[in-house]
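You will see two complexes here that share subunit A, one where it goes with subunit B and one where it goes with subunit C.
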Partner chain A sequence: MENSAIALRGAKVRTPNQSWLREFCLLPAVAWYGVFFFGPLCFFLWFGFWRVEDYSPVADFSLTNYREIFANMFTGSNYGWGIAQSLWVSVPAALIATTCTYLVVLAIVYGVPARRQRLALLLTVAPFWSSYLLRLYAWQIILAREGAINSLLTAIGLGEWRIALMYTQIATRIGLIHYVTPILIIILYVTVSNIDRALIDVSRNLGATRLQTFRKVILPLSRVGLITSVSFATIICLGDFLSGSLLGGGGGTSLIGRVPTFPDMIMSEYGSSSNLPRTTAMASILVVIMLIVLAISIRLMTPALKGNRR
Partner chain B sequence: MSERKRNKSDILGTEGATMTRRKVLKTGAAATAAVTSFSIFSRSHAADQSLRVLCWPGYEERGVIEEFEDTHKVKVDFKIYIGGEQMLSYFSQTPRGTFDAIISDSEYIGKLKALNALEPFSTAGMPDIDNYHPKLRDVKMLRADDGKVWSVVTRFSFYGISYNTNVISHEEAQDWNILFDPKLKGRIGVFDWYLPNMGNVSMAVQPNIEDPYAISDEALEKVRQWLLKLRPQVLMFAAANQPLVQAMLAEDIYASPVGDFEIDLILAGHKNYSSTIPKQGGVRFQETAALCAQGRNKELAMEWIKYMMRAKTQSQLVYTNAFKARAPNMKVVDYWNDQQRELLSYVPDPNNPKQLLVETLLERSVPRSLPSLQPERKWIDIYNEFKSAS
Partner chain C sequence: MTEGGERRAWIVAARIWIGIFLVFLYLPIFMLILFSMQKNQFASFPLMGFSTEWYRKLFNDGTLITALGNSILVSPAAATVATIISFLAAYAINRFEFRGRNLLTGIFIMPVLIPGLILGVACLGLLSRLHLNGELYSVFLMHVLLTTAPALAIIQLRLSQLPRSHEEAAWDLGATEWQALRRVVIPWALPGIVGGWLLAFTFSFDEFLIAWFVAGFDQTLPVAIFSVLKAVVDPSLNAIGTIVFLISGIVLVGVEMFVLPLVFGREQGTDSNPGV
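Moving on, here comes the complex of A and B:
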């Protein structure tokens, strides 16, 4: 008995995670991502270095496309201003969407009885099941100069307070916020509903006010979810073209000026030019910007994740 | 054991007792092979009998293609594109021989020629060409060697000024400079494509020029200045008809140098819209039918091209749900009622009753083309500068 215990102590015990089965089971996922994600992504990035001959793309490793794009950053085609406009539209939209969503999620988790929470969640994500395009058309009707908002203002005698939202980047943000909100609700609900209620009870029992409990307990423990939501929403908004086109009018006004968003510029390029590799190079720049956003969010998340582990 | 065997044989029927798993698999495989080979054969057989066409929307609509399919007992498969560049992408990304015929805007014929995609043909056996308007019968950029052509026009229309008649009068719309009028500040919508817009502006700065796309660097600089001056007047850009129509209807915009999108508005009962080509001239688009060099059904494709040239076909083609346009075959009027004739301008021109209004517009307009004296890139950069000018 004692010998066998010693033998067990000496033997290398392999947990399921250390088994070769782990690698084996990962293979399909790796193959899937390799074939359907990394492969196309690598080809996409390489395609940006191709050149065009007789209106056909020719495999090459030329920097001409990138040289031309960077030469037109703040002159000519003004791609730099397009990138600035995209960030100016996307980051506030992501922040506003996350803030609104967070409040809704807090209300669901702490205000709705547990048995009704799923229904409440279902209702808040319901807009996600309707077509994005239809939602944008609906916003056109609401935001137009003679649309629902202005008609209502006129009807109640506030005609002089009519607002011009349509074809501005505010309208673009409204469309984007409506688009990302259902996704963020899911992310934040998972975060907030997993906060240990005992910690909240302890905080309250120790005399903390509701606001203090929120500031000292709930908010810090929501940090990872909040950062994930902001970065996720920013990335989605950066890549969106439809809201900027249908609500923003393809060059809507903002503090940056009447400049189209960068995805709008890419689409315009796609529709105008036979140089598909150059359009791909522009899209690659957008991908790099998204990766930077992702890297920043991971950097911001790291201390919180370490704290959670401790 | 015996119970299980019996059950199995019951399931497999009377011969089940001798039916091994291998036999079942073999039978299944044979059946699958038979079905597969039949379906492959059917598909290739069907492919030989079908015609594949790469085209703009409208050509696939039932009313347009039905008679051809019934007459030739064939199925026409359409691949729809929106935009010349998308057409080139589709064409170059599919194996040669995928398409038998292409509907291409006339200026893209040059790009398709560069890809060796087209085969020229003679119009000698095509009587309908005689009914074409002279300007559309013999189009310079469509001419090939030996009296042949690369394609024939099937549909066209104009990029003049489309406007709200409550705000702009017909007389005012006769001059491109109306777009600078203070009453149109922030009330102009632009179709988001450099080619028609810059072609129109080229004519605005050099009235009635023969080819607005073959201009000097100095003239191109004038085009740039004109566009930059126009930018504060522009409220929105749209890559498709619908947002412009919607903006017109909502009175967010009063005018658009986009052509005749007002036809749909008028049809919907909104009578306060019209369009015209200003006196300086404007650009028109011309869709053309071309024969693919590597097509598998060239004879049938030629029959389809002849079919598309007929007055009856064109009378339906230019009046589709997709959008309204104009027909090069002047006999189309025989198939229209008075309202259709008036809507599409096939009525006498009030200022020159000897000819139809559409003929006057044709005289004032030139085909949309590609920049020939500067690289396309230079033109696109100027357009992008206009679009992003604060």
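Moving on, here comes the complex of A and C:
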């Protein structure tokens, strides 16, 4: 009798899926994210609606900050031009970075023997591990008016070829491209190396030229990876303040004019005024712009994904 | 042109392009190291000869070295805590079935996808309300959050390769769950844990914006470098830069030893993908 009771109790033994370890293991991460991630983010969204009285923020649900920002879009602080400058810097930078990286990845996958591919990947991704700030500083000494390139050109007697890129948004884009390419290499390598070799062989055997195979087979199959990489790079560039500040010199010149990028405006706003709620409201607007970019890219991706599923 | 000749031409073009790209990637790093060891006050040609002047100035001056000290304190600490948190979370996510598991994984990755500017402003807002900002430990708190995501990704990759039967066999042989975790799962996960730690360290060591917002006067190295950079032309930046690149290089060797075998491990040696 007693034995069967034990056996019954034994039958109710917990499955490996139920264990105190589950809660124990998840707790630290969940707690940390709750306090230091969701806490700040929720507070961030609310903080933009606070008012400032006597130089200190007061809890409120007022639209004052947003009204001030939208009133200053194209007059006064010119936030709108800052946003335009940011887009004009980021989108071309993302497109150029994606194009160059895509060509590199194609070259690695189809032009380098398999046993050397890992080395080629390691070399192209390695700069990601070095400090971004220091890489920008290094570009500064290369591009500066009396910097490495110009002094070298003068020294070898090609003085008339000197470049004037420093403190323009072109320099900003160079810094950004240098920053994002190692990351894009990974995204695009995963895309291209997953393309079925058989499809390419079939296309070639059926008489398509290399360029035709590229246009009709490889490019369509890379579509999702390419869109991901452009939108990812655009979002990183939109949120970057360092390159615009160090290489663009704050208000770097471009076709739009001597206007700083929007993140640069946020940072100087933070530095010069004690109005933290308004700085937060500006950062919220930046988030909305990034979400719009993300939405556009998802929209562009949907037909491609459907095509793959067919 | 013959078919073989055309193929050669494409391959040569591909390799030239990779070469140009590598020059673009490494030119800045090379220049910085070069000018850290030259007499030149400004980074311009012609070179004036070898000198260790800027390294001496760097160590005599002190501010950047103090900041390096702060970073050497914060980054390993943040990486260690982040690795512990993310190992536990990765273990739970990998072993247990529960509702919202994928959602949770997605949430854990989020901090690296959100731009530092946004997270920095957000943290500053909250931490300043709680009077927790302006100290080295505020950087530590935020860096643990930021570096959990990359560490988690690596450790999870390793754990997902552990055959379920290993742990179950340990239980059947009478090990408690805790013993199985210690004797079977952790040894298996070790390369992932080391790789995750190195990645977390790198993320923290190079992170600028969040540290800039919350650090106050206890600057980490990137924050201190930025302040110097905005103020003067100082070639000791080349020297500290070279030291930082050296540290990154050492970390990279570690990554090459621990992380890449996890990603490529299975393909190693099988020449399944010969060049065109």
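Assume the second predicted complex is superposed on the first by the 270 of 310 C-alpha atoms of A that agree within 3 Å, B and C clash if a C-alpha of one lies under 4 Å from a C-alpha of the other, contacts with A are read in each partner's own complex, and residues count from 1 in each chain.
Definition applied: a contact is a pair of C-beta atoms (placed from the backbone, for glycine too) under 8 Å apart; a residue touches a chain by one contact, two chains touch by 3 or more.
Note that the structure is predicted; figures quoted are calculated from it, not measured.
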| item | value |
| --- | --- |
| Fit or clash between subunit C and subunit B when superposed on subunit A | clash |
| Which of subunit B and subunit C A:Gln212 touches, first, second, both or neither | neither |
| Touched subunit A residues, subunit B compared with subunit C | C |
| Which superposed partner A:Asp54 touches (first subunit B, second subunit C, both, neither) | first |
| Contacts of A:Leu276 with subunit B and subunit C, given as first, second, both or neither | both |
| First (subunit B), second (subunit C), both or neither touched by A:Ser268 | first |
| Touching partner for A:Gly147 - first (subunit B), second (subunit C), both, neither | both |
| Contacts of A:Arg258 with subunit B and subunit C, given as first, second, both or neither | first |
| Partner chain(s) touched by A:Asn78 [first = subunit B, second = subunit C, both, neither] | first |
| Subunit B versus subunit C as contact partner of A:Gly250, first or second or both or neither | first |
| Touching partner for A:Met166 - first (subunit B), second (subunit C), both, neither | first |
| Shared contact residues on subunit A - subunit B and subunit C | 140, 144, 146-147, 246, 267, 270, 276 |
| Subunit C residues touching subunit A - in the complex, by the definition given at the top | 6, 10-11, 13-15, 17-18, 21-22, 24-29, 31-32, 35, 42-46, 84-86, 88-89, 91-93, 95-98, 104, 107-108, 110-111, 115-119, 121-129, 141-142, 144-145, 148, 152, 168, 171, 177-178, 181, 202, 205-206, 208-209, 222, 225-226, 229, 237-238, 241, 244-245, 248, 251-252, 255-256, 260, 264, 271-276 |
| Residues of subunit A touching subunit C in the complex | 16-17, 19, 21-22, 24-26, 28-29, 32-33, 36-37, 39-41, 43-44, 47, 100, 103-104, 106-108, 110-115, 117-118, 120, 122-124, 126-127, 129-135, 137-142, 144, 146-148, 150-152, 155, 178, 181-182, 193, 197, 210, 235-236, 238-242, 246, 263, 266-267, 270, 276, 279-280, 283, 286-287, 290 |
| Subunit A-facing residues of subunit B, complex | 83, 85-86, 88-89, 92, 111, 114-115, 192-195, 231, 234-239, 243, 246, 250-252, 376-377, 380-385, 387-390 |
| Interfacial residue positions of subunit A with respect to subunit B in the complex | 54-57, 68, 72, 76-78, 81-82, 140, 144-147, 166-167, 245-246, 249-252, 256-260, 265, 267-276 |
